[in-house]
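Heads up, the next two complexes both have chain A, just with different partners, chain B and then chain C.
Now for the complex of A and B:
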């Protein structure tokens, strides 16, 4: 997995691609850690290019969310495809990580 | 410390039969390149065979141990170097020496297994007689030590997998009127999926219940397996003294620190079944993959609670259903669901394959797990099946 990153000033958009799993999750986690440490704790994860997520990927998102919230920020997910939405729904983690249809809506108050 | 001579032939057999793809290839390729030899190999010496598990210049595979040079190397603790195999009575008769490809030179370094006994050798071969210098001998020994470490990792992982398998229930629960079977197929040697069942006898003297559990700790491999065995043990402990709601909530509290510290969560599906009435009390902590099915159709036993370890403490209040005598309770892990692209419609289309009433629970879980594995499941795969049967003195059960 590779991911694009766009710093919009008040928030950062991360755009992972492909499979978000055990292999790619540590890369994502390390990047979120760096951003939060640099006081960039408002994060939008644009998931439109992720075609598969597993529990490790979910774990990375929840871990990132905890880290961001611990630093007065937040991590929000946007534009998730059907598999990602199904997994979020199945595990009820959408109650913690509510999916936004677009990046614009995810960042509405930032 | 000088290791005693003697070989771990049994250990080598076990290692050779479960070699992870590519694990030893890099070191063998390095040996081949460093020595500029046409052939390099890691050979394990089993009871009757030599197993070439990684190689350059010759194919991997099995050959009679009598035709092996490494069988002699494993009897010693240092390099065996033979300048010209043709001139050495111990080896001149070997087909690959006497005939094509007419190997002349051999140098091998014995490699130890976890037991401390030699299980094989890293060797290089050439078609012309050669002699190694002191530095080259040291280099071969260093590469051998690298392989030893890789072998130790393989053995540790396999042992961890065995420990985890042994923690699964293997005998019928001590309760009449139910048939139950479960199976886990981890993606690696060990994993984050587990199932459990046991009889719970309420302290107030109420009716005996069967508790069944399917848990899935996020991630794969040894780290997930460690957390899974903690969740299993804690839930077992709490379940003996209270109902499912309380057991899950207390398990969450008890394991919270460890899940949090490791940034992991665990889905759990836990139920207590009263065999005589079919009443099922259950809690679904973010698992979502339990159904009751029969020829009449299926329904999900599903709640909106989050997994344990998520940054939200739910109260996990139990729900209740009734398992009719002709119905089957099936719980699977997401490794199975992934094969259906996480679609209930796709899974439903396959339900008929397990609803044949002549199938045992054992056959049902085998069908589910085999189906998932044959459809390239990448995650741990687990299935658990439960149904009520006419009470008999010896209820059937099986596990693997």
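Now for the complex of A and C:
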């Protein structure tokens, strides 16, 4: 998985592509760690280009969420496709990782 | 349930991270030849079997040396996967509840169990065997 990153000043948009799985999740986690350590803890994960997520990807999102919130920020997910939405709902993670339809809506108060 | 005339789509190789894409591709091949399959069924079945595949890749020992064989069969009323691997003796923690919202792990098997109608594990001689079935045309979860 590769992902683009756009620093918008008050927040950063991460855009992973392809499969967000046990292969790619550690790369995402490492990048989030670096961003939070650099005081960039307001993160939007634009999931429009992710066609599949597994439990490792979910774990990376939850880990990122905890790190971001622990540093006065947040991690929000946007533009998730049907498989990602189904898995978020199945695991009840949509309660703490509310999926926003768009990046704009996810970053509305940042 | 098994051993019938439904054609099997098979994959053999090492249970390593790079091979997970091959599992996705195997299912895609089965779907391509069964265009009547509901995309929702396929998506949920794929989610489930990849979690089990992940389990073998992550925990199978000796790491990098475990071999596996995947077989997928599509029938009129169900889709089935069988996974044999040569990893060490293994006892899956079946029947556990979905972990709490802030847990970063432990969801793989509960996800698979929630999305499959049958999920059975047994050790036969020196092989771990998973049998996974999703009945077709059901209401999606949630």
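As a working rule, the second predicted complex is superposed on the first by the 110 of 110 C-alpha atoms of A that agree within 3 Å, B and C clash if a C-alpha of one lies under 4 Å from a C-alpha of the other, contacts with A are read in each partner's own complex, and residues count from 1 in each chain.
One rule holds in what follows: a contact is a pair of C-beta atoms (placed from the backbone, for glycine too) under 8 Å apart; a residue touches a chain by one contact, two chains touch by 3 or more.
From a predicted model like this one, the values you see are computed outputs, not experimental measurements.
Applying the stated clash criterion after superposition on chain A shows that chain B and chain C collide.
Contact with neither chain B nor chain C is seen for A:102 once the two complexes are overlaid on the shared chain. Once the two complexes are overlaid on the shared chain, A:56 sits against chain B and chain C alike.
In the superposition on chain A, contact of A:6 is made with neither chain B nor chain C. Once the two complexes are laid over each other on the shared chain, residue contacts for A:66 go to chain B and to chain C alike. Contact with both chain B and chain C is seen for A:87 once the two complexes are overlaid on the shared chain. The residues of chain A shared by its contacts with chain B and with chain C are 21-22, 54-56, 58-59, 62-63, 66, 83, 86-87, 90-93, 95-96. Interface of chain B with chain A (complex): residues 192, 216, 218-220, 263-265, 267, 286-289, 304-307, 310-312, 334, 337-338, 341-343, 378-379. Residues of chain A touching chain C in their complex: 19, 21-23, 52, 54-56, 58-60, 62-63, 66, 82-83, 86-87, 89-93, 95-96.
Residues of chain A touching chain B in their complex: 21-22, 29, 54-56, 58-59, 62-63, 65-66, 69, 83, 86-87, 90-93, 95-96.
For chain C in complex with chain A, the touching residues are 17-18, 20-21, 24, 43-44, 46-47, 50-51, 54, 57-58, 98, 101-105, 107-108, 110-111, 114-115, 140-142.
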